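See the structures that follow.
After this come two complexes, each holding chain A, first together with chain B and then together with chain C.
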Partner chain A sequence: MSLFKNEIKFMFKSKIIIFLIMASCIIMTIGINSINMSNDFDLFYIRESSSTISFGSAKFGASICSLLFGLFTVLTLDKDMRKRSKGIIESNINYYNLMMIRILAIVFYEIVATLIGMIVVIAIQKSLYTIPINISYYLFNYWIVLFPSLLFSTLIVSGLYLLTNSLDISFITLGVIFIKSLTSHNYLLTWVQTNIDIVSDFVGFEPIGHTIIYNRILWIFICISIFCLGLLFKRRYGFNLRNSFLTNVKSKVLVLLVIAAILGSGFIYIKEPYTMELMRNSETIIDEKVYLNGLNPKIIFNNKKREMSGEVSYSFINKGSNLIKFNINEGLKIDFIKVNGKEIEYKKTKDESTIEVPVPNIEKVEITISYGGKIKSDKNGVGRGMPGYISKNSIYLLENSNWIFRPLVKEGDYINISGYYSAPDYLTMVTPGKLIDVETKGGTRKWMFEYESHTADIGAFGGKYKKSEFTFQNMTVEFYYSPKHEEYVESMKIEEHIKNIMKYYTENIGEYYSETYPLKIAEVALYKRGGHSSENVITISENMLNRDKDMYSLIDDNGKIEPMDISMKTDIFVKDISLIAHEMAHQWWGTGVNVVESSPWSSEGLAQYFSYKYIQNEFGDMVSNMELSRWENRVRELKNYYYINNSEMLDKVNEKYRKSLEMEKIQSELYYLMPIKLLKGEEILGEKGFLNELEKVYKKYLSKDLTYEAFLREMNLSKEDIEIE
Partner chain B sequence: MEIRIQNLSKKYKDIKALNNINLTINTPAMIGLIGPNGAGKSTLMKILVGQLIPTEGDVLIDGISLSKREKYLKERLGYLPQDFGLYEELRVEEYLDYMASLKGIKRNRKEVIKRVLITTNLEEKSRIKIKTLSGGQKQRVGIAQAILNSPELLIVDEPTVGLDPEERIKFRNLFSEDSIDKIVILSTHIIEDVESICNLIIVINKGKVLFIGEPSELVKKAIDHVGVIEVTGNNKEKFLERELKGEFKITSTVITPTGTRYRVVSRNLSSSFEKVVPSLEDAYIYCMLEGGEDKYVFV
Partner chain C sequence: MNNINLLKYEIKKIIMSKKYFYMIFLVMALTYDSLTRLITGGYYGTAPFSEWSYTFFIQLTSPLVISVMIFMMTNIFNEKELRARKILFSAPISQGKYYLLKSTSIIVMFIITALIPIIMSFIYYKVLFNYNEFSTFIRPIALFFIPSFIFFLGLSMTLGKINIKLLYGLIPITFLLGTIDTTNILPQWLDIFGAHFLKISTFAELFGREKEVMSLNIPNSFIYSRLTFISLGILFLIYTCIKTEKE
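Let's turn to the complex of A and B:
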């Protein structure tokens, strides 16, 4: 203990540590505004709060201070080599015991830097920003995000230094591991700054908190492995690497520790419980001989445990198949499967993402699956593109999380869907279709719903919502948003814009597809960016309803913006409205008319086109042209891409990279190329003529499939007509 | 304290730095370890301070193997290597304070530091940063840290390098006085240092101990092997050729009005030389000449 105190005193006298602590505080202070400094457009002008300030400063601090403390650690450990003082020191004390004490002293200063940094940022938030402090965000962000990254950096570089005995190699290797962390999409590898871009103001850090903690546990094991490996190879008695190892390996405790830490790291990595390769592994081959015509989910959410359980019954028309496959979510464990009332044995595929259920070769097949557990999210989407999660205060389950096991069969013209979601009574559930009843009992509330659809895409969204309801013509719009964001919704006249969009679409496309089902728009956390539309439910991420008060000055009393005032704020606001308009357009193109996808043709192109038309109509050409140039740039970028132009070279790149390129290409075609083609069609037919034709197509194909060929035929256009150079 | 070196060998790949050394040293002892560069002196000292381990043999400290007594040894050791560095950004007293804590000195630390500052004549420099000190002053700081814990075993490698003559004398005396109740091992090239203070000499070359004994014994061995001769100008070249052939080793050359006067050491001193009383330096050279034949002449 006295040696430890002495090292602390000694380091303090060297002044570098004072500089490092001061630098850390400055970096964390700069980080307060790091969200606006990033190139993440979605997060610009996000309203500042304890969550954004503490997370921004902690994450920015972690990214830079972990390198600074890593460098300080390796310089400290290498000091006696550089100063030729090792001989003297080693004659007084076991040198490696001293190294350990020095590492502990560095960790002590990392704690001090974290603590002082946190206090400084709290003081700034309180005095300069005058925003109330929520200490839980600070504790989480500073002690789960920031401090461990400093600790890991020190342990990793110490282990590497012991292993290589070289300042340069150990620091460069730390740099490589650091860059890997910054660029990885796999949350398990992001030890420096975590995979999260922002902590949700709407639902807090709970949906992603456990993944961050798991990442930290994994890296504690990895760091111990690297450090103990370093100890196993530490140079002693003037020996080289091999002979040092042969000397050190005699310590059974150390060997056991290395083995335990390496096995522990491997086990924690492989047995990671929160994610799966959801998108990549999902099978997509459809059995054309089977139709789904009924779906009955009865789901109970246990938010405290982040679990769900329930029974889902499927009705099929079978025209000659002996097997029905389902894409599943690995986190959900099956209790039993019944086929026409009889429990049967089923098979899981090797990667556990699909099950095969044997069925009798008869026309009507009823399958009931009882299952439950914790939903797994996509491995590469944690924090940014999570298709599903259940947390204490929210439920967000998109169909592509396979939370309702997805049968790989054809979908009938109409699927009768009815069922219920049971959730804690403090949550408001946004159900698809029509809510037919709500029952409250013993702290839970059962939300019963029913509807007919041409897809089995079914989502569940729940949260502590404020519900706003308004009507437009013969339809009802239910708008669910966080009470925390009410001021923004009112000040920026978001409801007015929703109404305006409704008006524009009904006037230019046709009536909303249903008089029975209200349009439901729900705010969701930023852990899934952008928006989503399935059936009559639209979700929009919270950034669109939670921007800074500075934005209020942008619009006049009618919700209009000054067309000449093209600024970053305008661009952000227009993008937000454009995204809402895009998702709402899917109610016409996607839910109303089933647009049969065949790249570049899909409902996305039409939704993009109509959101553009709305923006043009509402804010003028100058504003809408910004969006058009973005599309053109994206298409141009892709066309100039080497692997896209030289498709034969695509076979030579690794599969993961090839898939991501192909995905990027398809997205570019669907979202950017197709709307440009539609604008070309508009140029040929004239704006009025083009919109009139589209209106006719909508009426004719409402509740029907619309292929690209049918669309072109109806519009009197050819592929060549709308070809883009 | 008793240090017993048993059959000690140290190999670096194919080179034997130490070859089967056997020694026993007991407190008190003031030992001069001498030998040419690369003789194995530093290797021996590093083994004694636990920084290297022998390839063969063992070192017993008070009857127990050094490998099991590392802590015991370090608590009783003071060591100053030949090539060393200090924490130059610190002040002298801060550095000594840090070293005192590493040595586990908890009580009266300030007094202990003050004592060594006086001993090493660094009192006035105690508040000065080490980086501003001269080479000799840094050497004194090195010695100061070695004696902080009043070690039972003090091992110093070339401690008087860089010191002025007055300081050298002071340190020689310091080591000598210290050796009353401890073992001091002084490795040096300066025979004068050894001659004036050591009661035991160890001559080492090519990893082998050539001599262990009192300085007077080493001098005694060289009697009849040291001579002087005056060579006139014409014979000078022929005389120097004889040295190249290994007949003798010239230890001093003095130009005189009549020619050049040479002092030589030879295994078989010819009658042409005038025999003189050998100095310790002559004796050391004689020892080297004998050791060069790869045989234990004196041990």
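Let's turn to the complex of A and C:
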């Protein structure tokens, strides 16, 4: 203990540590604004709060300070070697005990740097930004994100130094591991600053917190492995590497520790429990002989345990198949499967993402699946594109997370959907279709709903929402948003815009498709960016409802913006409104009319076109042209991609890259090329004529399938007419 | 011993060390990872062998290569070398000549180290894409590799001569300047690795481009900034060579 105290005093006197702590505080202070310093335009002007300030400063601090403390550690450990005093010290005390004490002293100063940095940033938040402090964010971000990065850096570089006995090699190796962490998309490898861009103000860090903690646990094991390996190879006085190893290996505890740590690291990495490789819809093969015509989910959410359980019954019309396949979520374990009331054995495919259920070759088949567990997220989307999660204060389950196992069959003309979601009573659930009843019992609330649709893409969204409701003609909108963001919603007149969009679409496309089902718009966390529309529910990520107060000056009392004042803020606000308009347009094109996708044709093109028209109508040509030029640029850009023009070279790249390029190409066609084609059609027919024809198409194909060919025929256009050079 | 022999000895001392061998191994590992994981796909949809992709490749590898160089330079200013220098200076060799000799050996060492990712990339392009026109890569190497190297060489010599601790401080700074996005943090004149320039050019020229092959336009201002870094590096070197130390 006295050696430890001496070492702390000695380091303090050397002044480098004071400089390091001061530098760390400055770096963390700069990091407060790190979101606006990135290239992530979606996150620009996000309202500053404890979550954004603490995470930004901790993440930025982690990326720089981990390297600085790593260098300080290796310099401290190499000090005696450089000054040739190692031999003298070794003759007096156990040199490696001294090294351990030095490492502990550095860890002590890392704690001090983290603590002081945290206090400085809290003080800045309180005094300069006058934002109330939520200490839980600070504790999490500084002690789970920042401090472990510093600790890992010290442990890794210490282990490497013991292993190599060289300052240069150990630091350069740390540098390589550091670069790997910064350039990796795998959340398990991002030990420096984690894989997260921002902590949600709406639901906090809960949905992603466990992945960060898991990353930290994995790296504790990896660091212990490296450090213990270092101890195993530490140089004994007068011995070379081999002889030192042969002496060190006699310590059974150390050997056991090395084996346990290496095996532990491997086990934690392989058995990672939170993610899976989610199958894309385009990758699945549909059985054309079977139709789905009924779905009855009875789901119970246990938010405290982040679990769900329940029974889902599917009704099929079978025209000659003996097998029905389902895409599943690997996190959900099956209790039983019944076919027409009888429990049966099912098979899982090799990759565990699909199950095969044998069915009798009769017309009516009813399958009931009972399952439960924790939802797994997409492997490459942790923190940025999570299609499903359940946390204490929120539920976000998109259909593509396969939380309702997806039958790989055709969908009937109409699918009767009815069932319930049972969740803690402090949550408001946004259900698909029409809410028919709510029952509260013993701390849980059962939300019963029914719906008739041509798809079975149902989601479940829950949170602590404020709900507002408004109507226009036959259409009712339920708007669910966080009470925390009420001020922004009111100041930026978001509800007014939603009403205006409803009005514009009703006037220019036609009446909303249903008087029974209200349109539900729900705010969701930023862990899935952008928006989504499934059935009559639209989700929009919180950045659209939670920007800085500086944005308020953009709009006048009528919610209009000055078109001549085009700035980054205008662009961001218009993009937000445009995205809401896009998702709302899907209620007409997608939910109302089933647009049969065949690239470039899909509901996305029509949704993009109408959001553009709304922006043009609301804010004028100058503003809407910004969006149009973005589409044109993207189409042009992708057309000139090397691998798109030289597809024969694609065999040089790996499968993952090929798939992502294919995805990028399809997205560009659906989202950017198609609306440009539609605008060309508008140019040919004239704005009024084009919109009139579209209105007719909507009326004719409401609740029916609309193919590209049928669309062109109805519009009196040909593919050549709307071809883009 | 004439100067050439001295130089040969210095270079041999560095290159034949286990430490250098390991550093080379790391440079090779990073080069392989960068080429196969990040360059194969091409930079922003350009060909993997375009000037853009190659500039990006240079920017991925140069922080490590330059950090290796600075680490090797710490050997010039470490305690052991300082003790040897006292003996050396009693021989008929001037301080200027001594530092010139050291700088030259570092330059040779750097050339050898830098040649490793460059040769690896050439082999990779030849084997995978049957691409031979390596002359197109001269410009990225000349503008994005050499100026930063000369600048850091001069700066390291000067800082090392003042205090070896400053040299150690320079290593993480070099590393961070080359690896993290500093566009919105640091002024543009501090764009030593040319990362700000590449980012701005990407936004201006690659986004929404109208041709498949886009040449990387280098404005005169960027060339002047490179010349400034080269001049500063040479000035630092001259300063180190002519400023005599008190014995």
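Quick note on the criterion: the second predicted complex is superposed on the first by the 707 of 725 C-alpha atoms of A that agree within 3 Å, B and C clash if a C-alpha of one lies under 4 Å from a C-alpha of the other, contacts with A are read in each partner's own complex, and residues count from 1 in each chain.
As a working rule, a contact is a pair of C-beta atoms (placed from the backbone, for glycine too) under 8 Å apart; a residue touches a chain by one contact, two chains touch by 3 or more.
None of the values given here were measured: they were computed from a predicted structure.
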Combined model on chain A: chain C and chain B, fit or clash: fit
Touching A:I179 in the superposition: chain B (first), chain C (second), both, neither? second
Once both structures sit on chain A, report the angle chain B, chain A, chain C from C-alpha centres, rounded to the nearest 10 degrees. 40
For A:N92, using the defined touch cut-off, is the partner it touches chain B, chain C, both, or neither? Pick first, second, both or neither. first
For the overlaid complexes, name the partner, chain B or chain C, with more touching residues on chain A. C
Examine A:F10 and indicate which partner it touches, taking first as chain B and second as chain C; both and neither are also allowed. first
Would you sort A:S2 into first (chain B), second (chain C), both or neither based on which partner it touches? first
By the touch definition at the top of the document, which applies to A:G238: first (chain B), second (chain C), both, or neither? first
With the two complexes superposed on chain A, say which partner A:K83 touches: chain B (first), chain C (second), both, or neither. both
Superposed, chain B and chain C have a smallest C-alpha gap in Å of 6
Chain A contact set shared between chain B and chain C covers 83-84
Contact footprint of chain B on chain A as seen in their complex: 2-3, 6, 10, 13-14, 79, 83-85, 87-94, 98, 237-238, 247
Residue positions on chain A within touch of chain C in the complex are 16, 30, 36-39, 63-64, 67-68, 70-71, 75, 82-84, 164, 166-169, 171-173, 175-176, 178-180, 182-183, 629, 632-634, 636-638, 640-646, 649, 652-654, 657, 661
Please name which positions on chain C make contact with chain A in the complex. 19, 22-23, 26, 29-30, 33, 37-38, 40-42, 45-48, 50, 63-64, 67-68, 71-72, 74, 78-80, 128-129, 165, 168-169, 171-172, 175-176, 179-181, 183-185, 206-212, 214
Complex contact set, residues of chain B against chain A: 46, 49-53, 70-71, 74, 77-81, 83-90, 94, 98-99, 101-103, 106, 142, 145-146
